[in-house]
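Below you'll find a set of structures to go through.
Across the two complexes that follow, chain A remains constant while its partner is chain B and subsequently chain C.
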Partner chain A sequence: MRKVWTLYHKEMLEALRSYKLIWVPVVFMILGIMQPLTTYYMPEILKASGNVPPGMLEGYEMPGAAVVMAQTLGQYGTIGMLILVLGVMNSLAGERSGGTIEMLMVKPVAPAAIVSAKWAAQLTTLIVALGLGVAGAAYYTEQLMGPLSWGRLCAGAGLYGLWLLCAVSLTLLFSAWLRGPAAAFLGLGSAAAMSLAHSLLPSQLGWTPAALTAQSAAIITEGRGGTWGPACSAGVLIVVCLAAASLLIRRNKLPD
Partner chain B sequence: MDEIKWGLIWPLLVLQAVLAIIGLISLAKAERTRGPKWLWVIILIFGNLLGSVAYFTIGRKES
Partner chain C sequence: MPLLQVANLRKVYGEHTSVDGISFDIEAGKCVALLGPNGAGKTTTLRMLAGLLQPSSGLISFDGGSGVDYRSLLGYLPQSPAFYSWMSGQEYVVFAAKLCGISSSEAGRLAADALEHVGLKDVSRRKIAGYSGGMKQRLGLAQALVHRPRLLLLDEPVSALDPIGRREVMELLRGIREETTIIFSTHVLHDAEEICDDIILMNHGLIAEQGTLSRLRSQYSLPVIRLSTGMDEKALGWLQDLAHRSFVEQSVIYSGSATLNVSDMELARRTILQEAASLDISLLQFEAGSSTLEDLFMKVVGA
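Moving on to the complex of A and B:
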């Protein structure tokens, strides 16, 4: 446990020095406050861009506060996920291609310790970024659209964060096996495949982690949670990813 | 929606500026980048959010 803590400390130091711990949360905050702002000023933006057919703006109805928050989380599901995955793709692949993993492995450190320290560092970045982003978005939404239920919002953001963590963990696993860009491609690809499968067969695959995004939107807008299935399967998926990544690192260390 | 609420817009501009400035600091310290440095300076200053994200994700080379 002490070793994991030391490695985690090193990872966090690296995230600070590469400014990752600053720029990822700042981007999440920008994305978060842009969504309510652009929704609020949409008629003005359309007017300024010209060529608006007459009568179109009369039909524009301001969406409710909860809907805007659900849309904001949707932004994190696309651009946010891309940023997080690109940030994690080199975490193990970079150590392998740079040769530092051997230096790390000659010390008496378990592969599981390395993998879990890396994962914990990514989780910290995710929590800081999502927390600040959602807080900014919620403040703007309350100012522009109306009051929000903070309890529902926290539950929804937590579920969405769990889905993002699934994509991050998958990329970490691929990063233990392939080069960075390939790991990012496969990580995003498998997350996209899961959500596609879920949108094609929503009733059969309602227990998969991909259902977390819909569940999160339902909690924020309607307040009904649904089952624990998606959260449990996401937890299992994350643990399997970490275990498999540790096994791959151990096997790569001893090529016999 | 009578007037534009500048009180809500300036934080967005500040965040964009912070992002570009962090990018420029990181660029000044970086030994190697993918592509010429002067190009990244232009992208960071004029590229808004996407420019900064592009620099942080693909612009830097690990030594």
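Moving on to the complex of A and C:
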């Protein structure tokens, strides 16, 4: 356990020295704050742009605070996920191609310890980024739109975070046997495929991790989440990814 | 009881056999060179010993036990060590020590010792990105030594260094070999001769020759006569004729010069010099000496 902590400490030090621990949360905060601001000032923005047909703005209805927060989380599902995946794609692939893994694997360290330390570091980045992003968004939403239920918001953000963590774990798995860009492509691709499959067959695939996004929105806006199925399947998916990644880096060929 | 016993170790990659059934023992406290040309299977062997590669078959037993994880008793330096360039030398060695299960305070102390030992104390706070090749190699030695391993595996520790860096690392190894058992691979015979007790000579995945340096030296220092003559027909004919004398065991004759492995140096010398005088051969050069390990190396490598 102490070795996992040592490896985790190294990962966090790297995240800090490469400023990843700073710029990822900053991007998440900007994304989060933009959503309530653009929603609130949309009539102004449209007016300023000039050629708006008369009568169009009269139909504009300010969405409720909860809806704006659900939309904010939706932002993280696209750009936010892209940033997280690009951040994780080289975590194992880079150590393999750079050769640093050779000196790591020769130490009495289990491959699972290396993978779980990397995963925990990614989780930390995700929690910091999502936490600050949602907090920023919630602050402006409360100021501009009205009160929010913080309990529901936390539950919703947690579920959304779990979905993002699925994509991160998948990318980590691919990073254990492919080059970084290919890992990112496959990580995003498999997350997109799960979303697509879920939207095509929502009733059959309601238990998959892809249902987490809809569940998160439902909790924030209506206060009811539904079953534990998606969260459980997400947990299983993450564990499988970590175990498979551990097996893969043990078996992988070393650079010549 | 030998520290390390290797029996019938093989590594096969698909069609290609990289290491083809090698066996050797290494006594504690020895310094052993794994010598051979590039592609002989040295790196593969060391990686199997280090537990980085699973052998296709064969047995490695460390300190009498086989199949146990002895990585905490092992120090390993790969051929081209890659470090986290954003770390400082100090941080890297502490990190390496902690991964071997050493507590934080102890790791700091051991790391400082190791860095001082390899002469990196003054630059230990600098980022590794700014280190030279020789400094990186010495840092690699520090991380391999920090947990006081019983066996040190070094893969081509000096091959990529300039003469000054090479000198530094060889001097360090000379000191380290007093404290621990070392196996290092090299394709330079001279490096092996400089600090090793034993040599394992590999080629095409097989052990061509192994033994103590002194035994190999005496075994392979055969009496050799090298001579060259003018290029006239009489002399060339005489050289060809010499190859068939009873005292010549092996001969290489090439455009006016001959290298003869002889059984009886006295007889050979007398015969050759007398004949050269009586036949009036234009003898240009005559040398009576012994063959060297270099000759053995070249013979094994097949050059």
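By our rule, the second predicted complex is superposed on the first by the 252 of 256 C-alpha atoms of A that agree within 3 Å, B and C clash if a C-alpha of one lies under 4 Å from a C-alpha of the other, contacts with A are read in each partner's own complex, and residues count from 1 in each chain.
Methods note: contacts are C-beta pairs under 8 Å (C-beta built on N, C-alpha and C of every residue); 3 or more make two chains touch, one makes a residue touch a chain.
Worth saying up front: this structure is predicted, and the values here are computed from it rather than measured.
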Contacts of A:98 with chain B and chain C, given as first, second, both or neither: both
Which superposed partner A:30 touches (first chain B, second chain C, both, neither): first
Chain B versus chain C as contact partner of A:197, first or second or both or neither: neither
Touching partner for A:67 - first (chain B), second (chain C), both, neither: neither
First, second, both or neither for A:90, with chain B first and chain C second: first
First (chain B), second (chain C), both or neither touched by A:112: neither
First, second, both or neither for A:244, with chain B first and chain C second: neither
Touching partner for A:127 - first (chain B), second (chain C), both, neither: neither
Chain B versus chain C as contact partner of A:10, first or second or both or neither: second
Residues of chain A at both interfaces, chain B in one complex, chain C in the other: 18, 98
Contact footprint of chain A on chain C as seen in their complex: 47, 50-53, 69, 71-72, 74, 76, 78, 80-84, 86-87, 91, 95-96, 98-101, 140, 143
Chain A to chain C touching residues, read off their complex: 2-3, 6-7, 10, 13-14, 17-18, 98-100, 102-109, 254
Chain B residues touching chain A - in the complex, by the definition given at the top: 1, 4-5, 8-9, 11-12, 15-16, 18-19, 22-23, 25-26, 49, 52-53, 56-58, 60, 62
Residues of chain A defined as touching chain B within the complex: 18-20, 22-23, 26-27, 29-31, 33-34, 37, 40-41, 43-44, 83, 86-87, 90, 94, 98, 140, 143-144
